Every structure is written in C-alpha cells, then in structure tokens.
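For reference, chains read A, B, C and D in written order, and residue numbers begin at 1 within each chain.
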Amino acid sequence: MQVTIIIEKKPGVLDPQAQAINQALSSLGFDDLQDVKMGKQITVSIDTDDEERARYRAAKMCEALLANTVIETYTIEINEPS
Amino acid sequence: MRVAIIVFPGSNCDRDMMVAVEALTGRRPALIWHKQSYLDPVDLAIIPGGFSFGDYLRCGALAAHAPVMNALHDHAARGGAILGVCNGFQILLESGLLPGFLAQNKTLKFVCKQTNLSVEGNAICELTKSLDINERLHIPVAHNEGNYFADAETLDSLESNGQVVLRYAKDETGVSDNPNGSANDIAGICAANGRILGMMPHPERAMGAGHKSADGKKLLQSIFEAIIT
Amino acid sequence: MSVQSEMQFENAAAMGLSKEEWERVCAHLGRIPNLCELGIFSAMWSEHCSYKSSKKWLKTLPTDGAQVIQGPGENAGVVDIGDGTAVVFKIESHNHPSFIEPYQGAATGVGGILRDVFTMGARPVALLNALRFGQIDHEKTPHLVSGVTAGIGGYGNCIGIPTVGGEVEFDASYNGNILVNAMAVGIAHSDRIFYSAASGAGNPVIYVGAKTGRDGIHGATMASAEFSDETESKRPTVQVGDPFTGKLLMEACLELMAADAVVAIQDMGAAGLTSSSVEMAAKGGLGMEIDLDLVPVRESEMSAYEIMLSESQERMLMVIDPSQAEIARQIFNKWDLDFMPIGQVTDSDRLILLKEGEIACDIPLAPLVDDAPEYDRPHLKPELLHVIPAAEIRQNIQISDALKKLIGSEDLCSRRWIYEQYDSHVMADTIIGPGGDAALVRVHGTNKALALTVDCTPRYVEADPYTGGKQAVAEAYRNIICVGATPLAVTNNLNFGNPEKPEIMTQLVQSVTGMKDACTQLSTPVVSGNVSLYNETDGKAIKPCPVIGMVGVIEDWQTALGIAIPPETELFIVGQDENINTGWLSNTVYAKIIAGRIDAENQGAPPPVDLMSELQTGQLILDCYKNQLINAVHDISDGGMLVALCEMMLAGNIGAEITLPDNIDTHAWCFGENQSSYIIATSKADEFTKNAAQANIPYLRIGRSISQQELKISNGDIISLKELKQCYDTGLSNRL
Amino acid sequence: MQVTIIIEKKPGVLDPQAQAINQALSSLGFDDLQDVKMGKQITVSIDTDDEERARYRAAKMCEALLANTVIETYTIEINEPS
C-alpha cells in the first residue's frame, strides 16, 4: 500500500528557505504571489493491505525518523492504487 | 591579466580567492556584485565558494538566476574562461554551463578535509594543461553537496571527451580518497571547449605559506599561464 | 497609564519572579504592572540577564591588565594585540535549546555569539565550541551529537567563519541536560570599537535584520529554569537560525560601522528587544521611546508582550547619527535587509512603548538594570575528596592494552568525526585547525596569529571545585603555550545546576575562586563570559563545568609548532617534579576507564595545580621556542603522558621508543594526570636540557623517535602505529 | 488561488537522502517497506481566480527556478478552497 507523508513546518516556525524562494521568485518577476511554504513529501510502499495498519506504520516512521516533531508536523495520506 | 570574481551575498570564499589571485598575478581582481548586469571584458571570471543564497532550494539554484549570470553566459559564449570552485561549481551546473549535478554527500554530512587529487591525463581542459599528470595534488574540500552525478550517457561523453579534469586519487591499495561518493571519483570537470572548469576542492586554501599544501597555487598558476599565452 | 492591569503575583511567579521580586516591581512602578511590563521585568531580572546568583562572585574575577581594552559588561571583551589591532571574543551557552532541538539550538547559539562579536565592530575570524553530552550509549546521545554537530557546522560553515577548535565530553550527568557553549573571536581596529551605550537624545533608534516572529518568547526565563519532563513536552520556544540572513546582517553592520554612522549598537540576543533597548538606554543614562507598530513582524496580531520578548534571530538594534541615516538605509537595502526607524533616544530615564497609539509600557529604566536583584546565596565549606593512592587504582593490565583502551575510549579518541563536519579553513587563515592543542588563526595579512582554546575538566571540578576552576585556566594556558603563543586573556562559561541549592552554590563559589587565583597568577584577565545555571534534570545537577576560553597571540605564525613528532628527535617530559618521580592516578581517565571508577565518590581528589610551576614551565617552553630548541610540543592532560605521546606519534605518523623509569609505578607514570607538564621533541637535546636546568625546571628524557612504525616500551610492549591509529580514529564513529 | 507544486527527482537520479532514509528505516525495524521516495512540496498563493492561469504561472515558476528540469520533474495541483 502506498502512503504519502507530507512534512511541514509548524505554523509560526521561521522558514528561511521559503522566505528566500519567495524573494527570488519576486525578483524574477513573479510578483503576483504570496505566502510561499516549503515542505517535504515522502512516499513509501508499506507491505500491507490494511489501511489502518499502513497509517499506523507511517506515523511511527514520522515519529521515529522522518519528521522533527519539535518544529514540524506531518500528515499521512493513503494513495489510491493507480 | 584581468580577473573578475563574482560575489553573491552568501559567497564566503570571495576574499580568499581575491587574495590568492592577487598573490599570483600581482593584480587585485575586480569583485563583481551579483546585482550587476554587465561584465567588463575579462580574461577569467571566477565564481568562488560559499553559500550564494544560503543554498536554499538547491545549491546554486537561486544564484544561477542573478542578474550577473546573463553577462557570464555572454562571456562563456565568447569562449571566455571561467573557474567555479565549490559553490561556484554548483552554480555553473545549475546555470547549464557545465553538465550534471551535485547531490548531497553520501554520508549526508558536511565534509572538510584535505584530499588527494589526480590530474587526468587525457583532459582537454585548456586551463590546466600545464599541470603534470603524474603528480598528486593535495587540496582541501569543504562542502555538503559535492557528490557529482550525471546520467550514464553524459558521464560516458565526459569521460570519452576528456572533460574529467580532476579525480579523487586512489591510494596504494586502490582505495579512492573520494570524500563525497561522486561518480567515477570526479572532483572537477570542464566544458567541451576546455575553457570552463568546475571543481569541488578549494585551490585558494592550498597556497603554501601557512596552508597545509601549495598545490592550489600550482593549479591556479596553470590557469593563469593558459590565459596569458 | 490608563490600561487596567489584570496581573497578579501568580503571573509573575509563572515567569519566574519570587514574591519579593514581584513586590519590588510594584514598588518601582507605584502600581501593578501590565503583562508587557511584567514580561520585561521578569526577563531583565531573570538569572540569564541579571546574573543575580553569580554577580557577587563574578565581581571577584580579575578583569584588568595593560592589554585589556574592554572587560566584562559589553557584548564581548576586547584585548589589544598591538599594531592598532584588537581581538574581540566571548563565549555563550545554548544548553537548553540544544537539548530540545539540537540542530537549531546549536545553530542559533553560534549565530548569537557571532552577533555579540560583530556588534563590537569586529569581523569574526574563528569559532570554537565546548560540548558535553550524556553517556555515549544513552539512547538520546547519538541523535544529540549528530544534531548539535550539524547545527554548529550548519551555521558556521554557511556564514563562512571557520570552526577551529573545541572540546567534547560524554558523561552520564549530562544525559538529560547537555551543554553547548560556543565561543566566537573577531578582529577589530583597536580605535574603532563599537559600544552599546546610547547617546544623544533625539537620535533615531533603528531596527535592522530579520523580522520578528513568535520565536522563543521568554527564552531567557526558560534558560533560567530547571528541566523536567513537562518542559520537554511543552516545547514552546524553538528558534530557527538563518545563517544566510546572519551573513547579510554581519556584512551590512560591518559596512555601516566603516561608514561612521553608528552611535550605539546592540544585538537582540536573549530577551530580544527588551534587553537590547533597556541596556542601550540604561548604559547611556538615557531613556528610549519605541513605537511597536513600526517593528517589522512576520506574523499578524503580535502583542506588545510578544514583540518585546520574542527571541527571533538575526536582529540588531542601533542608534544612528541622523545625518547618516540615508547612507545607512542604502547599505541595508544593498543587503536586502529590513531597516526601520522604530523610535528615539530620550532624556527621560524611562522606557516608553507605544502600541496602536496607546502606551503599552512605561517603566523607569534604572531599576530594571541597577536594582536588579542580587543574591548572596548560601554556600558551604566544600567537602574535598581524599587522594586515592595509585596502588589502589592501578589494574593488572598490560600497558599497551591499557593504552589502546584509553585512546579508543570516547573520552580520549579522535574528535575527527565531529570536526570534519566543520569548515575549519574558510577565510584561509587557519594555520593550525582542530586536532592539536590550541588552534592558530592568522591575523589576516600579518605575521601575527591568534591562539585559541576552550577547556574544562568537570570531573576535577566535581571532586574539588577550587582546584577544578584553577585547572581549567591552567590547562587552557598550557594549550596556548604549546603553539608558542603568549596567553592574553580569557572568557568563561559557568555551567552549573540550581544555585538555590547550597552544594551547587559551593561549586560555583569555589571554582570561581580557583579561576580568580589562576587568572591572577597567570596574568590572563577575564574580559567576558556567560553563566548558565539550573542545568538540572528532575532535581539532579550536571557535573559542574566552568569552561575557560583563552586567547593568546604569537608574533610570527611561522615559528609555531604543532604536536607532530618529527623524525630523529629525542623526547622529554618537562614540568612538575612529581611527573618524574610519581604519577597521579586519582581522578584520572585511567581511574575511570581502566579501573571503572565512575562515581564521583570513588574517583578521588584531582591532581593539584601549582600555578608557580605552571608559569615557570610555560616560560621555559616559550624560551625554547625563541631559541628554536624544540621541534614539537604537547601538554599532558586527560589520559596522561602516554596518551599525549601517542597523539604526537599519530600526528607525525612516526614511531617512538620509550624507557620506563624503574623507581615508580609504571602505570601511574604512563597514565597519571600530573599538571603543568609537557612532552617535547627536540633535535637539540643538550641545549634543551641546559636551558631547563638553568631555569630549574625538572625534565626527564623518556625516549626518541624511531623509523619503525611502532611504539616500543622498555618493558617489552610493542604496538604498531596502525593499531593505535585504528583505536584512536574509530572511537567515535563506531559508537555514534 | 493556492497551488501545490511537487518536485521529485527523475527515476534513476541519485538521491542520497532517500537512500539513507530507506536504510535508516529498515535499521529501525521498519522492514515491511520498500521504495522510499523524497520530494519537495511548495505551496504558493497566486493572485488569480482562474485555475488555468494559476497552473500556467506555477509551471513558469517551476521552469524558471523551482525545479531543475534536467534531474527533476514537477506536478502542479490546485488546492480546493477550504
């Protein structure tokens, strides 16, 4: 079962990278945009057909390694089989 | 000899490079601010190491779009000589002046150490042609993204065209000193016309006189010799 | 003021003020403070900003000397190194933030200490760090080590200041409370130092740098509170560092200072806009008025309290000459940074803050600073541990096996795994980087170089805080001497537990006294420093760790020596008499690693420090330098003589043979940690011994370098260099 | 209009971080998974109500800066107004 994990900075936590990209975009003439946010997307295939279990495993991975839960939040989505 | 050093807000080896160039040529190179959109004619343009724009997004990505880069492309199109060191190499790749890309080191850690380099025998690089190919160069690296990668086709053509200029050398036991996992132990490559050199090691930190080696001086010297003649 | 305040003592207590302090706040105001005012008082009166527990003792430290341009009391200390040049330096802790978020905590620690240095008008040229982690096999340790190392590198590498030295220790007492102390060193023109005292009523107050967010609100009070499980889960205050903006700010400030526009400048460090505005105004004996609506913010609806207490990074407050305002603005534009006049200096002696047209705060400045509480906390007569005789500690083990175990242990093995992640060469002036004794950094474009080191041995301090305090200074001194430099001055970082406990206060008082005696005797005044208290987890204090950062100068860096033994040299121990006749095993790494004496009680008394001998031996080494009688030097410290020798061999990639004396315990001789001693390698043995004899300094020939790649001991033990190297090099990487 | 841009490495392109995460997860005992992929997620508010236009602008940004199209691919999704 394929799972997509999105990791984002918690609200209020400074994101220098997003700031720099915002500035670069506007100096390239993209002045019609606001509020750039950066996150990570991680996709994993988990060896199960049970959605609950896949979610549970993904959450475990986030807590153990993928997300820095002090400054980041994560969300887990189950991908439709394509 | 007219040398220009391109300076981005996060460049941090610009002064070091300036000192090195001045020591060798007796003439202070021009420092060109990234917001400047033109480049007076120069014999060599150098993009020094550092973190041009914090290395946010991808190393060198934001710098590749700075106003000064148009002028640098024109310089390159005229066959002008360019040296990119470390972040400068990354910028040359991001701006398409050299092929391939630099992934994060395989250790996922920044690495700062002395390395052993071999100068490639078949290199077509005009800028380094006076270097002795049997000699090992000791020049330090300091980077987080120096893991050179290109698809198989590109790698093949780099190799067969002699565009690989510097490699992390193998020791007696055949083990390479490769600090970052780069493909084919590549430490530096040049453009097909032999006039643009990108390299991870920092020659300006191996200038003798207090540095652990003077081999960077040798390398820069070879570039200046090539340009004069 | 019209605003009705809802504040009560409970609110003050939650911010760390005592009942008595709350009452003093009310008395100073003549009314109940509002939230913003209370926040300002509690931050300024926090341990972190006011030094209320330590001030009495800090005042006893020697701070004067012909070389001192600026002692404690400014952002950093300033010391003259001749030819119109000054060295500016300070050390600062970021312990609690680094435990909560190791990468960001360490990174912002580096950013903060760099701002302290360039605020004074100095270009930073070197960084060092003193780190303490829990046991290496504790579940959190690898993660903390990786994060802190990456964070220090992440900031320093990006901003382009070389990290040239430091120290790392592992000990169970830091399992729940690591120590991350960062030191920054800069170079300035001695007649162009910038200070923080505001002047000129009517001059504009300018905010520059990054925007203000809700980062680290009330970090200063947090840094002054003990840890518990609860604080760890609250995690309210993580600041994120932005080294790129830090670099822009540094360059812009230095450019502005060169343009003669700055009247006063102060970084926004702990307690952000609060401490910077209060200190600038109070030091100038003036007042300040700020319109908080003008402060650049990155989040909506920030309250006066939040804006004043935010610890967002990469910000500065300046008072500038109004006639130069336009030039100043252009410089900050060039660097794409916010530049915002937010208020002015007044002659009122009050801090007045406006928010949405209303007065959000109106407090007299004097009490915030001058009347900050100062306590004489109870302390005790220290209980000193007895010396444990060598015979009780020594184990039945081959010397070669003990050596391998020691140099492969996390206490003594190579720190390469850590320091290779730091750019130690950027700026191209690093002559000696990490891995030797002191680091050596050239003063750009001159023959001079700065020698830099940080040192402390908490094990000693715990067993005997007075001696431990003295020893930290002595060891730093020795490290500076080793590279041939003259020690100049120190900065210190006092890391202790809860000072309200008399036994902790005893550690502080005693070790500061030891430090005072050593700094006085060795003529290395204290010019800056930092205090970090309440380093406890669930009521258990860390091993006391008063770190010394020392700076020395060498007139010609080309004369400096490293620790690498050259071929065809003879080897000597030089220093204390005890080194030759006996060896001090009590409270050594040998006692810990080989004899398993881990608890303080059975470690025993640390080696004594004889400051006179320290001074004289140091002088002898410098004389030998001058007369070119030596080819390599290394001081004897943790692990003892044989460990030091082994490091010298590995650095030179060369073998050696040594002769064990027959009149003393060989283990004590090899691994004793007697102080004030060095190993030297020389090709002029006769001249060297003549000099030592003349100076009346004891010495002993212990052996010579050999062409075989091995260590040969006269008892028949032989170890190959390769095996030693293997143990030494993999000590950390195998365990992390 | 809020747009989410996902930038991923093209297949076969070296991704040491994804590799390391893969390894780390299995050494943490997550041995039931395969094929970890890492990507960047960038969200931007573009000043338009026209979905077509938002897509167009986002693609421009990717070509101009956000993606290195030699080694990366991008996909653009329009976020539902929440």
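Going forward, contacts are C-beta pairs under 8 Å (C-beta built on N, C-alpha and C of every residue); 3 or more make two chains touch, one makes a residue touch a chain.
Everything quoted here is computed from the prediction, not taken from an experiment.
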Could you see whether B-C or A-C has the larger number of C-beta contact pairs?
B-C
Expressed in whole Å, how far the mean CA point of subunit A lies from that of subunit B is 34
List the centre-to-centre spacing of subunit A and subunit D in whole Å, with centres computed as mean CA coordinates.
9
Interface hub residues of subunit A, defined as touching at least two other chains
16, 20-21, 24, 28
Tell me, which residues of subunit B touch at least two other chains?
53-54, 56-57, 62, 65
Listed in rising order, subunit C residues that touch 2 or more other chains are 242, 244-245, 336
Pairs of chains that touch, anyone?
A-B, A-C, A-D, B-C, B-D
Given the complex with subunit B, which residues does subunit C contribute to the contact?
150, 153-154, 157-160, 242-245, 247-248, 251, 335-336, 419-429, 431, 442, 557-558
In the complex, the residues of subunit B that touch subunit C are 9-10, 12-13, 15-16, 19-20, 49-51, 53-56, 109-113, 140, 142, 144, 202, 204-205, 207, 210-211
Which residues of subunit A touch subunit B in their complex?
16-17, 20-21, 24, 28
Please output the residues of subunit D touching subunit A within their complex, sorted ascending.
6, 8, 21, 24-25, 28, 30, 32-48, 57, 60-61, 64-66
List the residues on subunit C that touch subunit A in their complex, please.
100-101, 103-104, 210, 213-215, 235, 238-240, 242, 244-245, 298-299, 312-313, 336
